[in-house]
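Every chain is named by a letter (A, B, C, D, E and F) in the order it is written, and numbering of its residues begins at 1.
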Amino acid sequence: MAGDERFQPRDASVSPRFADVATFMRCQRHEIAGEIAGEIDVGLVGVPFDLGANYRSGARRGPAGVREASRLIRRVHPTSAIKPFDICNVADLGDCPVNPLDLDASVRLIQDYFERLHAARIVPIAVGGDHTIPIPILRALARERPVGVLHFDGHANTLDEMFGTKVNHATFMRRAHEEGLVDAERVIQIGLRGSRFGDDDIGYGVDAGYTMITIDDYEDMGRAKAIEAIDRVLGDGPVYISLDVDGLDPAYAIGTGVPEIGGLLPRDVQVMLRALSGKELIGADISEVAPDLDPSGLTCITAANLMFEMLCVIAESVATRKDGMG
Amino acid sequence: MAGDERFQPRDASVSPRFADVATFMRCQRHEIAGEIAGEIDVGLVGVPFDLGANYRSGARRGPAGVREASRLIRRVHPTSAIKPFDICNVADLGDCPVNPLDLDASVRLIQDYFERLHAARIVPIAVGGDHTIPIPILRALARERPVGVLHFDGHANTLDEMFGTKVNHATFMRRAHEEGLVDAERVIQIGLRGSRFGDDDIGYGVDAGYTMITIDDYEDMGRAKAIEAIDRVLGDGPVYISLDVDGLDPAYAIGTGVPEIGGLLPRDVQVMLRALSGKELIGADISEVAPDLDPSGLTCITAANLMFEMLCVIAESVATRKDGMG
Amino acid sequence: MAGDERFQPRDASVSPRFADVATFMRCQRHEIAGEIAGEIDVGLVGVPFDLGANYRSGARRGPAGVREASRLIRRVHPTSAIKPFDICNVADLGDCPVNPLDLDASVRLIQDYFERLHAARIVPIAVGGDHTIPIPILRALARERPVGVLHFDGHANTLDEMFGTKVNHATFMRRAHEEGLVDAERVIQIGLRGSRFGDDDIGYGVDAGYTMITIDDYEDMGRAKAIEAIDRVLGDGPVYISLDVDGLDPAYAIGTGVPEIGGLLPRDVQVMLRALSGKELIGADISEVAPDLDPSGLTCITAANLMFEMLCVIAESVATRKDGMG
Amino acid sequence: MAGDERFQPRDASVSPRFADVATFMRCQRHEIAGEIAGEIDVGLVGVPFDLGANYRSGARRGPAGVREASRLIRRVHPTSAIKPFDICNVADLGDCPVNPLDLDASVRLIQDYFERLHAARIVPIAVGGDHTIPIPILRALARERPVGVLHFDGHANTLDEMFGTKVNHATFMRRAHEEGLVDAERVIQIGLRGSRFGDDDIGYGVDAGYTMITIDDYEDMGRAKAIEAIDRVLGDGPVYISLDVDGLDPAYAIGTGVPEIGGLLPRDVQVMLRALSGKELIGADISEVAPDLDPSGLTCITAANLMFEMLCVIAESVATRKDGMG
Amino acid sequence: MAGDERFQPRDASVSPRFADVATFMRCQRHEIAGEIAGEIDVGLVGVPFDLGANYRSGARRGPAGVREASRLIRRVHPTSAIKPFDICNVADLGDCPVNPLDLDASVRLIQDYFERLHAARIVPIAVGGDHTIPIPILRALARERPVGVLHFDGHANTLDEMFGTKVNHATFMRRAHEEGLVDAERVIQIGLRGSRFGDDDIGYGVDAGYTMITIDDYEDMGRAKAIEAIDRVLGDGPVYISLDVDGLDPAYAIGTGVPEIGGLLPRDVQVMLRALSGKELIGADISEVAPDLDPSGLTCITAANLMFEMLCVIAESVATRKDGMG
Amino acid sequence: MAGDERFQPRDASVSPRFADVATFMRCQRHEIAGEIAGEIDVGLVGVPFDLGANYRSGARRGPAGVREASRLIRRVHPTSAIKPFDICNVADLGDCPVNPLDLDASVRLIQDYFERLHAARIVPIAVGGDHTIPIPILRALARERPVGVLHFDGHANTLDEMFGTKVNHATFMRRAHEEGLVDAERVIQIGLRGSRFGDDDIGYGVDAGYTMITIDDYEDMGRAKAIEAIDRVLGDGPVYISLDVDGLDPAYAIGTGVPEIGGLLPRDVQVMLRALSGKELIGADISEVAPDLDPSGLTCITAANLMFEMLCVIAESVATRKDGMG
């Protein structure tokens, strides 16, 4: 199946990869209000928002940074041989509206936007933005039924509040459960580590029944067993992927608000994402990319590559579902 | 007059300047709630807040950056020979409380804090933080009567609102006037330049009667005439100094949210600040220092030096008033 | 006159300036092959080419860097009050085709592309790319008659060849004259300085009759007299503007292939560009921006602002001509 | 056991972690000459000294860099659940006196200072400074009896002299043994690698009976066996920990004087430090952090986290001893 | 065997390693046209060429960067105890001639130069330059008979052409085979990964019979088995080593044109290189080092160390052959 | 007069400027012990020493940084048309011996080395190294009679001691006078500014009779009058030039130990150096270049260019003297 011309990345054999406007993976920029929106299968979206970050900010520039870095992504997955642009219509939808001065207003704008995507049956891959954004995204995508979540992160994000604020980058995995958006049985968190504010940092998830794989656990069990756990916990049913780049070791992702040493390798995440083949994937985010905090640019390069990994398995999942509907 | 030992910077002939905890200009860190607070004349204060910034954030780390850079400040002004630590009791008071997730709450916290300083007759030199902070500071310092303002900036900061928000880094010179905190006749803005959103960007100040010296004006008139204008406009009466580092040319202050090319030289600001000798100076801020955006560190070094310039004239002013009261 | 909606930059009061895909000054990205191409007055174009650079390369990434930095440009000129987007239809046309492995082929591709622009009566503002690019651009724009050139540069670019190559970043002002593309009487070069390979570095221009203002001359005569010289030399008739950012002092533009200390200030160039009001401006380039060589990002910020200066006078010139044709 | 208020870090739920003066892990800054010095259990101390470095200097700024980075440390260990600030009185004691122009004088000043700490029964965790500093520290701490040493490093530091100088960053593990400060049977060095000046680089330690685990050995035996070796070699009795950050792989610690590729992971060191539970820990240093050589800041972040690891096991050790004395 | 004085690196116990002109590993700079050229066994050569790179350029500055970083290399291998400067005459031969404006001319210049080295029986270790350079080098070294190749890379470099160009940094492993320069049976490629342009990216090598160890394979088989494969594939006969630093994980080598996440560790390459003991090594290159793209300098430090690894095994190989000839 | 082939820089039309080993201005590296030493007129020498610096160190890497940056220097002065390599034999003599661990020993080594140069009638241009180095240099060059000094600096360097040390980077202009090496009547210091430790910072020079032009003075009098003062003060007789790069504004030289805002422009120093034509110049230094503190590299580029300015006037002076001797 050859890809639709309107949804192909710029051809790197004609236009050098360093050339022209930076879009996600050199995809074409389409509007969700445009006439061809109905034909889009997977939407690559920026969410330039960082008012929910409590230490170092800067993730508002994440979408721009990842777009620029994603110039070097090509078209075919080297291991799975998936060609996402052949099997799905993929577009860069630009950035979701936000209010740069108002956390609450932004959260509402984000939710509204993803509701529109959801209504248009566009599966989103969002680039944050701080890790507040899964809350409004899940409110849009998981309204009908709670979903499973594969959550890579250095932190559990299950605090109740920070500085009196309930919706921020430290609380999404608590809020989402309280709101019935996630199915605790089908939640798995990987990469947890870092010193804690108190005993309560991960307590909520324990009580809720999340499967938590701390970095200690991960090292003990090995990646293969972790992949088995991912498969088992996520099971069947819809799955959302949330990747906070601070789940990665900071040697690969220093451009983030709250780095924690001793984290996952990009390779680990690559292989775990590839193993999602066959799951019903409904959306994903890559969050906490703060380009200005990484003078080498590696954080954005890593994020761009992991976005491609997500795209490959999501495109496969979407294509399968489309075929099933045929 | 020899300085009080409790208010002397660490002695650079004993403790190298690179040594020990970084405080503003190596001053001692005192609490305003402490027993000796009543003896403090000039308080050096950080205001680590940047939720009012609409382009690049990062000024929350300004106080830390300026403290670190201010290690190289010495004790005597090379031109005026003022020795601020001999004529006033100067202390690093730490950082003003803020809420990192709530713009409005932070504005209230900042106002409360500066009201306490004001009540304690401590003249503050604040290091921001984005340029929202003069609003709560002026609410605290200028409640009794409108004050004159010497305002260095690349932007007039007289918009009515941004994204529906009234108090942010683009509005302080409008809000302050509306609230009766500044005396428009005694306001002078220097360094204005940069492309504009619309005709209205500087209109409010024109209508209010501010004296505005754009960079074109500044170049035409020369620094000496600008100093005459400063002197004439500020006249007698209380004066507040507000320095947005984007008033400076970005070759000297790239670590800021909204740089504009073609700005003031640090030397210009140094000389203009020195010329304030004899004025009744009631406080000052240096805002929009975002250290992570300047890999060379020059922005913080420049800010630290301009803080010392402010300290010298403010200390002289305070000492004169104290003597007058003696 | 209100601007055509299809040619307006994204509205910064709705979409924050840091949001969405980076285009030049947040203008809309249009194709020159598109249906509305005939309505475009001014085309902002990248030329991502650096095979003509003989010391440090990296200017191939100039267009991407300037697009990203140009997010902070607003809509109204602070001095002239020109609103370029109201008086002209301005679009980001993407990047000109180039061959990243073949100097000669790229030069032909660039010439072809600008011939298309020229045929479509689109006035180009090009962002390079190394300073080879004015050769193919002038071949496209100046075929009918030789043009005047306002050339800001640290180097005269009048060598005969480098390493046996005739068309490269050190020869354009010689080739262009040899090919009858420039009117030597109407050429003015400003900012020349830097050590020389030999006596011949600037000799060609002397013989040809170029007006050369070295940095020594510039300092002696002052900016006002330089502006008079620009006005006198350029006179009436078509004018092309070529700005090599190494004409600027490297404190403002270290991100370039061959920096030379002691150069022009961005302010100088701003004011000289503003003084072109009334000239018949047919195109411009900003060259030798190599973003990876400037960790602070100032080079790109400076280039973006100078691009706005060019846009304002060019838009005025174009609008005048359109009116004259009405 | 709740922690003494005077020895608690600033509360991150009240004062954001980016706020206020940077102290080690946001602990309170106390003077060892102060009235409450007698109550301090663990002293966090900077030793801003780098005159003993023979390649790249800059470790004099290590304490400042680590203080700033340690803002993001929280209160509870994620694996051991140790809460160091609850079980010990911990303070930032500022920086040890040094002479920035005199190696020998500095070594004496450092020794004097640590003797005062030792006399006050304060267990020190020192942040260097180059790796000369363990010599004067051990002279202070190990005078009564030789101690065991857990030494992480890329180099054995057992040269006899460099450039005619006996006490410098390449000799401490030889001098300390010659002076009877370390018990060779209870010394273990981990991470040794890097090209050598000659056959003699590690010969002294071999002869003395040190247990040396080169990076080849470490890889062959695995971390678990290395931990067994650490446990066996250190045995009972007092243990000093010395961590040269060049023991780490330079991807995690490029900000150091003499990086060597192919080193330990921060995770390795974390786990090995955690395994010290139960040992009699008498002090520690983290050396060779040169912040200016790491533009990403990761070296300081890594050092701050490893300092927290040290603090947890040391606090446990101290608390156990205090209880034993109760 | 003591080394010849004329071929010894500067003595680090007399001249500090940071001192004097930077040559490779502080070796003496000799001319191949010089009188002692006939005595040189191993020549360290820069090839400052990057016109064959299709994404980010900058490898032209690789030789300068590696020379500077190689200051910290010492004289003895820590594991094998090889002392290369004692068993071979090693010299820094400066940089190979190139034409900075002409790809084809440069390729010819490089070939000519390495033919001269080959004729003089000097075994070269080249520092690129982009990965075009093995083509002319192999044309010089492998003319008599096809050679085995140990190829570390993130990419297979077996494309047929890019942008109409046959000799560039993406084609050398195809061209070399087509030209009969490599023995496909004795070619092994390690580290392949990264998204692909199409199905054809690695197809040529598959068809030719190259042994390819992708990063997936490498992880599955482990390093020990990879070393066995290297030994088996290379067998007896002449072997050339080609190391593209993008074979390494970008945490260790971000200063390169086309980084790919999830790569080899420097440690992996170190150990694999050490395992070449006993092979007939005829030359090597380290390519794609672009210093300006790595603000930390780690890429150059890594390259310098891997160059020392190569030197040790190559010197051993050369010394063995010399002995065999005795 | 054509230059001697053995003393010509590498030809940039044959070997690209980025190619080969970095020497000062691409000059040939000769040994002062070599056979042709007697023919060298001007020696370019590194002095990689920074043990005399009391704030930020790193100037030990200055010679390496300036060598690398000086690749872009060409052969002819653009204003004076001096061709230094045609009129003098110029060589890179490598680095002066130093002891990286011993301030006093280094000072002796430096003095010994410059005595050898002096004996060989080689006029040195030294690149530091911190600003301690003029003491041993002047001891070597000015032993016979006191010399005039043109001293560019942000600091007077006339303290009596720092931390008990008499010879360091803050004292050379006092020591040199006390030792009878400088003629106070013929000393001029330009660029003095920056906060002071005490009243005494510049007092010694005042008493001794130095002509001091603070930055305030410089601005008041203008550059032309400053040049007159230089001419008048230096008069006839031998002149030594000492340039601390912190005399420059830190926008141009942030890579230095103790930057001070509001300094000289590189252009100022260029023009003042050019005005030395006709003086009897006996040597020069450029000090306090610390490359690692300037991520942009501008400090080294500036230093390299100012070194070329020095070389031109010094070569002219030497050639004149040689002619006079002919």
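Heads up, the rule we're going with is that a residue touches a chain if its C-beta (ideal position, glycine included) is under 8 Å from a C-beta of that chain, and two chains touch if they have at least 3 such contacts.
What you are looking at is a predicted structure, and each value in this text was computed from that prediction instead of being measured.
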Practice problem: If every step must land on a chain the current one touches, say how few steps get you from chain A to chain E. | Solution: 1
Quiz item: Is it true that over half of the residue numbers where chain E touches chain F are used by both copies, so same, or is it different?
Solution: same
Quiz item: chain C and chain F are the same sequence; what rotation (0 to 180°, nearest 5) superposes their CA atoms?
Solution: 120
Quiz item: Of the pairs given as B-D, A-D or E-F, which one copies A-E, with over half of its contacts the same by residue number?
Solution: A-D
Exercise. Could you pull out the chain whose C-alpha mean position is farthest off from that of chain B?
Key: E
Quiz item: Approximately how many whole Å separate the CA-defined centres of chain C and chain E?
Solution: 41
Self-check item: chain C: positions in contact with at least two other chains
Solution: 16, 18, 54-56, 60-61, 100, 162-163, 251, 293, 295-296
Exercise. State which pairs of chains touch, listing all of them.
Key: A-B, A-C, A-D, A-E, B-C, B-D, B-F, C-E, C-F, D-E, D-F, E-F
Practice problem: Would you mind writing out the residues of chain D in touch with chain F in their complex? | Solution: 50-58, 60-61, 99-103, 105, 162-165, 168, 292-293, 295
Exercise. Going by the contact rule at the top, pick out the chain B residues touching chain F in the complex.
Key: 12-13, 16-18, 71-79, 81, 251-252, 265-267, 270, 295-298, 301-302, 305-306, 308
Quiz item: Which bits of chain D are touching chain B when the two form their complex?
Solution: 14-16, 18-23, 29, 46, 48, 60-61, 63-64, 67-68, 92, 94-95, 97-98, 100, 295
Quiz item: Which residues, counting only chain B, touch chain C once they are in their complex?
Solution: 54-56, 162-163, 192-199, 201, 214-216, 219, 250-251, 254, 258-262, 293-296
